[in-house]
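A single structure is presented below for examination.
We call the chains A, B, C and D, going by the order they appear; numbering starts again at 1 in every chain.
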Amino acid sequence: MPLRERLHEIVFEADTRAGRAFDVGLLVLILGSVVAIALESVPDLGAEHRAGLRALEWVFTALFTLEYAVRLYCVRNPFAYARSFFGVIDLLAILPAYLGLVFVDTHSLGIVRVLRLVRVFRVLKLVQFLGEASVLRAALRRSLHKIIVFLLAVICMVIVLGTAMYVVEGSASGFDSIPRGIYWAIVTLTTVGYGDIAPKTVAGQALASFVMLLGYGILAVPTGIVSAELVRQPPRTSTQHCPHCAAEGHADDAIFCRRCGKSM
Amino acid sequence: MPLRERLHEIVFEADTRAGRAFDVGLLVLILGSVVAIALESVPDLGAEHRAGLRALEWVFTALFTLEYAVRLYCVRNPFAYARSFFGVIDLLAILPAYLGLVFVDTHSLGIVRVLRLVRVFRVLKLVQFLGEASVLRAALRRSLHKIIVFLLAVICMVIVLGTAMYVVEGSASGFDSIPRGIYWAIVTLTTVGYGDIAPKTVAGQALASFVMLLGYGILAVPTGIVSAELVRQPPRTSTQHCPHCAAEGHADDAIFCRRCGKSM
Amino acid sequence: MPLRERLHEIVFEADTRAGRAFDVGLLVLILGSVVAIALESVPDLGAEHRAGLRALEWVFTALFTLEYAVRLYCVRNPFAYARSFFGVIDLLAILPAYLGLVFVDTHSLGIVRVLRLVRVFRVLKLVQFLGEASVLRAALRRSLHKIIVFLLAVICMVIVLGTAMYVVEGSASGFDSIPRGIYWAIVTLTTVGYGDIAPKTVAGQALASFVMLLGYGILAVPTGIVSAELVRQPPRTSTQHCPHCAAEGHADDAIFCRRCGKSM
Amino acid sequence: MPLRERLHEIVFEADTRAGRAFDVGLLVLILGSVVAIALESVPDLGAEHRAGLRALEWVFTALFTLEYAVRLYCVRNPFAYARSFFGVIDLLAILPAYLGLVFVDTHSLGIVRVLRLVRVFRVLKLVQFLGEASVLRAALRRSLHKIIVFLLAVICMVIVLGTAMYVVEGSASGFDSIPRGIYWAIVTLTTVGYGDIAPKTVAGQALASFVMLLGYGILAVPTGIVSAELVRQPPRTSTQHCPHCAAEGHADDAIFCRRCGKSM
């Protein structure tokens, strides 16, 4: 197998041992890079630590640049890759560091690299072999439409309830505009409940109680949707047909057809 | 087809392309109008922006007035429409602006227009074609009785627990009346947890811990109700038709038609 | 039918129209009484309103006393009733008012009457006819053991995590004792999140993040338990057996057996 | 039966009446010990109470030491036990008290004993006889993979969202580093919502609203996973054994054995 194909197998696929090792190594690098960026943002950090983290970031950038070059080299259609979702993210992951040499605000640019964490999902293909991630994804895909309908209904409720709260409470309790009332309604309906804006009048607390009980009741809906999809998942029977009577739905370990009694 | 009927098909129905376009356009207008009202309520807004939003609101009002007139014109029974749920909301959506010319507090009146967002649900009929919204609605309708029973039980619990907390904590921690104790119990049992009123004594925190664990446990009930209904939804019957009587809904492994008894 | 038996049917049963009317009337009286007690606890209440509520409370007490006397009269075994759960609650509901004439703190005594709200559940028998409450109760009864096991596990976790947090954070952030740490762990694991005690150190926030993700993950367990029980509810197929081959599991509207094809 | 074997049956097993009594007694001792340690941590505690608790702790330590000695004596392979999970915890439970004689900070050492509460799970074997705990554990074990995949996805989201919030809000609202932003994202996505860090700008509140609705939607996933596993639990196969080959696990309506093909 020529080098280019062997590299392709390692860099783009996760079926071989080397490919899996590469993906895991990449995952570690991405995590390390993200931790370095996160640590650098901590305000009370000594100057020498900050310098070390900066150096480390350059190492990560060099490795990611090398990886990007290898990907461009070994892929059959480099332009298609460069314009694909992962190609753009791979480029965005290394650009900020180089742009940081020209411009100044490396802070906000470094964050773009975090997006590369999405690649974690690709490495999750390892777990997918267990069939779990794909089952989960299939159930979520099938429940997507129902959840969108539900979220639209929630957004309508939240606008009406937030406006009602703005009228009832007024700006004295922090409800100083309709958007803020809607923000409060979302905080309450989702049962997050920061408490930064909370009703103070009796009428407001009564309305808030209603919103909470409503949120408690409708919280059931998205859960029910996903549960139902996961339950409905293909039953674990074999897909085998009886060669004699074509009966289906046999157990995985069936030797004889449960309908005509002939050997399968 | 005469103009009146064609208008009726466009304005009241969503089956034709024109009807769907009208509904989507109306949805955009309603959303724009709601955003305008919401933005106008923001306190730190420049005078020229406020004037622009006010002008925009008049445009929306004019369009909604035109739409209301068209609806009255093309519907077969205008009086029935005017007294129906949507007819009243359509009128309430344009009245505040005209009333605002006579009276002063346009603020609280403008909010009534938000109610028109309910029309969003009508446009959702588009999504309903995917069968999702109707499945969801059917499951919710069937679980309504169980959820009402559950909410009644929750309200009883909340009154008893709120009163107990009022006795245990007293007014020093903010529990200065039984209604306030009940408000706290709702905030806690629904796991919202603002923190505006929180127990400070050991006995109060012990009681609160009990309420939280209780809320954690019974949160399962509404979810379970809706999940069960959604799971039960489509009976997993085969899609097979009986070749003799065309009856549907046979079990997956049926050998004979359950309606006419002939072999399938 | 003699008076005593007729009274018994009205007061103790909810099958006849009179009995149902009595129960609904009693429910209204209890709710009114509870609202009166709750309102009386509001601190900023005018003296004349307080006097009116006090008078109203005496009316409620008189009616409940009359009801208690009627119950004792018409029941076959008055001693058994007086010592039963509802008998004790009925007595406790009227005692505080009379004791209030001798002692002073009517406040804490009046609260006992709130317990009478449990009678609401009895009136719910009306709803039970719809079969909903009984289905719900059966599912909860069957999942009780699993939920107890789950709550025991949660209590163990909460003690270990609360103690760990007490060690990690110390009294500077409000974690000034192990019980308070446990209280915090309950507040966090149940996703209530008051915010009255919150971690301030990095280590504490990392531990808190772990507790939250744990709570998020295990919240699924009680919900799953109840959902599973409600789903497992008797399938809605008919209980009919085929008279020829005794096959079961026929659809509700089956006319011919789906196994042997003979008329049912 | 010799003493050593009889002791083994009592101390290590829970099948006999004596063994169960020993386990329950041990559970009471552990709980008492944990309560004593927890109480001792309360700051405003009289000196004489603290002395009493200290004495009580020595009694518990003596009893646990005796128990540890008995366990070492009656087990067949003392070294294997001493190095096992429970053996290490049993040793750790008594060491702190003796080490406290030499070193000073008994506080942090006493906490280690709390770990012994894990033994509660062993006593739960009693409940397991009801089949509930094992059903629960089996469902959790089977959904573990899916929940890990889900938690990985949540952690990715939380890093991206927390970083975005750090950029949007800045240190003025308390988002003074990326780790703190991630902490906020976890607090919000899990719907805990302390409110110690909350967005103050309009853009931040809009992003926070998105995070909350996202958390509300994906909260459904772990619940759905566990629900689905619990529903799938007992395969509704018949309890029928094949009269020829004694195979089990036949479908309810099987006519022929799926293993040996003979008529059932």
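Observations on the model:
To be clear about the criterion, a contact is a pair of C-beta atoms (placed from the backbone, for glycine too) under 8 Å apart; a residue touches a chain by one contact, two chains touch by 3 or more.
Here the structure is a predicted model, which means the values were calculated and not measured.
Between chain A and chain C, the superposing rotation on Cα atoms measures out at 180°, rounded to the nearest 5.
For the pair chain A and chain B, the fraction of shared interface numbers is less than half, so the two copies use mostly different residues to meet. Of all the chains, the one whose CA centre sits at the greatest distance from that of chain D is B. A separation of 39 Å divides the Cα centre of chain A from that of chain C.
If you average the Cα atoms of chain A and of chain D, the two centres end up 27 Å apart. Residue positions of chain A with contacts to 2 or more other chains are 179, 182, 191-195, 219, 223-225, 227-228, 231, 249, 259.
If you draw each protein chain as a dot and join the dots that touch, every dot ends up joined to every other dot. Contacts from chain D toward chain A in the complex involve residues 145-146, 148-150, 152-153, 156, 159-160, 163-164, 166-167, 171, 176-179, 182, 188, 191-195, 198, 202, 205-206, 208-209, 212-213, 215-217, 219-221, 223-225, 227-228, 231-232, 249-251, 254-263. Within the complex, the chain B residues that touch chain A are 34, 37-39, 41-43, 108, 111, 114-115, 117-118, 120-121, 124, 127, 130, 132-133, 135-136, 139-140, 147, 151, 154-155, 179-180, 182-183, 186-187, 189-196, 219, 222-231, 233, 252-253. Residues 191-195, 223-224, 227, 231, 253 of chain B touch chain D in their complex.
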